[in-house]
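Below are the structure tokens for one structure; questions will follow.
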Amino acid sequence: MRTPFLRPLAVAAVLPAALLTACGGESGDKAETGTGGGGNTIKVGILHSLSGTMAISEVTVKNSEQLAIDEINAKGGVLGKKLEPVVEDGASDWPTFAQKAQKLIKKDRVATVFGGWTSASRKAMLPVFERNKALLWYPVQYEGLESSPYIFYTGATTNQQIVPGLDYLKEKGKKRIYLVGSDYVFPRTANKIIKAYAKANGMQVVGEEYTPLGHTEYSTLVNKIGEQKPDAVFNTLNGDSNVAFFKQFKSAGFDAAKLPVMSVSIAEEEVKGIGVDNIKGQPVAWNYYQTTKGKANEDFVKAFQAKHQGAVTSDPMEAGYNAVHLWAAAAQKAGTTEVAAVKKAAAGLSLELPEGKVTIDGPTQHVYKTARIGVIQPDGLIKEVWASKEPIKPDPYLKSYPWAAGLS
Amino acid sequence: MQSLLNQLPIGISIGAVLLLIALGLTFTFGQMGVINMAHGEFIMAGAYTAYMLQDWAGDEAVLVALPVAFAVAGALGWLLERLAIRHFYGRPLDTLLLTWGVSLVLQQAARDLFGAPNVQVAAPPWLTGRVTLLGGALPYPRLFIMALAVACVAGIWVYLNRSRQGRRMRAVMQNRELAAVSGVATARVDQLTFFVGSGLAGVAGVALTLIGPVGPSLGTYYIVDAFLVVVAGGLGRLRGAVIAALALGMLNSFAEFWTDASLAKVIVFAVIIAFLQVRPQGLFVLRTRRLT
Amino acid sequence: MSPRLRGYALFAAVGLLVLVVAPLTLPAFRLDELAKYLCLAIAALGIGLAWGQGGMLTLGQGVFFGLGGYAMAMYLKLHDAGGDLPDFMTWSGVERLPALWKPFANPAVAVAAVVAVPVAAAVVLGALVFRQRVRGAYFAILTQALAAAFVILLVGRQGLTGGTNGLTNFYDFFGQDPEAESTQRTMYFVTATVLGALYLAARQLVRSRFGRLLVAVRDGEDRVRFLGYNPATVKTVTFAVSAGMAGIAGALFVPVVGIISPSLLGVVPSLELVVAVAVGGRYALAGAVLGAVVMNYAKTSFSEQWAGGWLYLEGALFILVMTLAPKGAVGLYEQARDALARRRPAPAPVPDRPKTEEVPA
């Protein structure tokens, strides 16, 4: 056989040439990192999944971040310059997040990046931001045990969401807890914390089950739960699995009165897809609800719904919105968008935001947040039934909780 | 012990779901050798049909949706067959990739039409409740799915064995050339087969709204399982599909009961590989005189 | 110029472009991206070999890519940890280094495992399924299910594998900081060279006696068996070679991109690789390489412009390629060239060039 296999390479030759032309205009940028570029605008990056499985959730956060940018620009911008968002798609794929972060930092020279949702995407971006000494604002509640000097965490860490959720169950006299979660980092870490908490507080974990992401068959699991007769279920399932779980849980004859399910990943946005009938009356733990009282939230909800009709606002959206405002305030205070100065100015910074007063904790770069337990209402919104007296100091490593010794 | 007993009906009901999603494939894959990766998206189309209908059909939406979804998904399948697949007979592996492209387009179309978040299809009131079987509770939606699976299998059996069209279908399945020579319009039979096979996916989609999420990714959750059922059952064998679905349902149910959901999936896969060692062509082999 | 000579000239030209022109003109960030595409192209080359030449449609190549990638990443993690536990184990509640990890502290073992583990896995799987004459669609579906099961297993054993996060955050790649620009550059050259070498090796394999036997198995397995050969062996060996290539690709991917995670290895990424090969042209090894680079480049640049649209474009492109040009870009090129040659007043015909057209799927 003497077929010239190399011949098709001619086609291959065309490609790098095309690549070269496509990228030709990009090599000239030699500005410093973190300055947001020169000129009359400051570039900021927004990096969420706009496609793929995570798009459902992340697009809403992107929208609220853009709202915050518009608000800031309407008031004259930061340091007299308008903010110019550079939006990138992480495509629900962690390496893509890392690569797009690199692009935003190195090519677009953004002043800061707002982005990420899953822990996996944050872990993938973390080395990029640390090596380049650039800044990421991460807006979602997460599993804690992290405190990167180049990330600000505006969502809750475990002691601002999981622990209050447990406190609430304890207060209600729930002793036997069943743990249900999707099989990934957040549920496993959360459940580790829950088990340590239960041990110290006279509660008993009677079951711990994980299902693959995207799992939709829950009859066996519901049967296992029924067998153990727990007082409450602590649910860290993710995404579509929640829909299947609650539908099958309900049709097996369970409801909120019979067996409460405390969820930490179900916000206003998710209730619609699950079906209010299947989940009404169930408790959730967050730091913000659309119904949270206060002028700042009324304005936020009104402004958001003016742009996105019929949309609901949820905790991660609010945390994303907060991140933009907090960064802008820090940059204003620092008088520059340079990363080290912004970090310094951000420590102790305090703003009145939709969830109430939010203060940045300097050492951990997390924020003080009020914990709120809510109950899902028949109209699909969530009503607050319990709140911490004041914003809780973030403690990502749970150092101030004796029972948590040895967890990290 | 009691909950162990409960796993029995659960296994059957998982099997019923598997059977419903795989039934259509035994036609399109089994008979025509088309690996239709868009089958999952036809299931999705069925589910969205139920969603669209629930506003005016009210409590009976699920019942009304069954025939409509059959027609909608069937029409999609027919269209796919006419536009593309008919150029691919004899190239089964190419259809796999072709239909995967179709499935991507359909997913994104669903996202643009209905939005990325899941939509809610309310279970009708007459499906809330459960019966006690062997001491365990079996919810009505599960019973409904089982009944639907039985009805579909019975319907197909009658169709294949008692109707003229069905006999033609079997003739083409067993020997295309001979059927063509005997005067069967094979192209028309192919169209019909694809219509029925895809329509069954739509029916499955309606049933799945009772127990699972309804969103653009719905199809992707079921497609691999559906193919495994067909592979284990043997191509084009109704009997094989029924037995394989029930067996895999049981296996899944008990494996998950004793281990966990992740491991159960891995166990099922391992068992299928081992099984194919014994019977490489699946449970029941369709005897033809074809030489590959 | 004889076709053969022209082939070498082209190879040299492409080599020049990739090794000299691209590094000189592309900004570091784009060069890094190109390196990623080249990694994927290595895996695609393996698919081209198994599928295009051998007719085995493998939808589970992500598994072998992952095995190679994890082997490399495990070594890097252990090296960074310097005797301690890798960071993710700490937060996953693992207290002692699992036995599975221990051998990977040794760089030689890790590098050997990059090839050996995927090859061994492929040999076992291949021996099982090919001996039983599981083929065609069955084989495709089995490999797909394998990819699905592999991801579930990886995700489910978080303490062992890092779960969904995968393994990331490496500080030391054989004495270099993997994120440093100089390392990235070096990695680019390494990847390009490996790709070139593997391409030449694969081409040699295809042209050998073994290669001809492989094509024969693809086109008529039973006939080959009647002639006294054992198609199962031929297929298993080829499958193992393609798995080894995927393993190497995965191992290079780790320092180039800085992460290996289950989301890279499942059903969809594995299928996407196959798609890329089909678009480039499955019957030519160069088509596989070309397809992987073009499709991934298109994906990146397109999703920068219009996020949701990529799925439409990918789907549509794929439908078009499969219906109109099943031989992919290379096939189109050959068609165009032949058409051109026919129109020209017939120069010296090339009599000894056999037709490559009669290739059923």
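For this structure, a couple of remarks:
Each chain gets a letter, A, B and C, in the order it is written, and its residues are counted from 1.
Going forward, contacts are C-beta pairs under 8 Å (C-beta built on N, C-alpha and C of every residue); 3 or more make two chains touch, one makes a residue touch a chain.
Because the structure is predicted, anything quoted here is derived from the model rather than measured.
Chain centres computed from CA atoms place A at the largest separation from chain B. Counting contacting C-beta pairs between every two chains, the top pair is A-C. With centres defined as mean CA coordinates, chain C is found 32 Å away from chain B.
Spacing of chain A relative to chain B, judged by their CA centroids, is 36 angstrom. Residue positions of chain A touching 2 or more other chains, listed in rising order: 55, 183, 210, 212. Looking at chain B, one finds that residues 111, 260, 262, 265 touch two or more other chains.
The set of chain C residues touching two or more other chains comprises 152, 155-156, 308, 311. Put simply, chain C touches chain A in their complex at residues 3-4, 6-8, 10-11, 13-14, 17-18, 21-22, 25-30, 32-34, 36, 90-93, 152, 155-156, 158, 163-166, 168-170, 177, 179, 203, 206-207, 211-212, 257-259, 261, 263-264, 281, 284-287, 289-290, 293-294, 297, 300-301, 303-304, 307-308, 310-311, 329-330, 333-334, 352-354, 356. Interface of chain C with chain B (complex): residues 57, 128-129, 132-134, 136-138, 140-142, 144-146, 148-149, 152-153, 155-156, 221-222, 267, 271, 274-275, 278, 308, 311-312, 314-319, 322-323, 326, 360-361. Interface of chain A with chain C (complex): residues 1-13, 15-17, 19-20, 22-24, 26-27, 29, 50-51, 55, 88-89, 91-95, 98-99, 102-103, 106-107, 118-120, 123-124, 126-128, 131, 143, 145, 183-185, 188-189, 192, 210, 212-213, 408. On the chain B side of its complex with chain C, the touching residues are 29, 33, 35, 84, 87-88, 90-94, 96-98, 100-105, 107-108, 111-112, 224, 227-228, 231, 260, 262-263, 265-266, 269-270, 272-273, 276-277, 280, 291-292. The touching residues of chain A, when paired with chain B in their complex, are 53, 55-56, 59, 183, 209-212, 214-217, 219-221, 223-224, 226-227, 240, 243-244, 247-248, 251-253, 269-270, 272-277.
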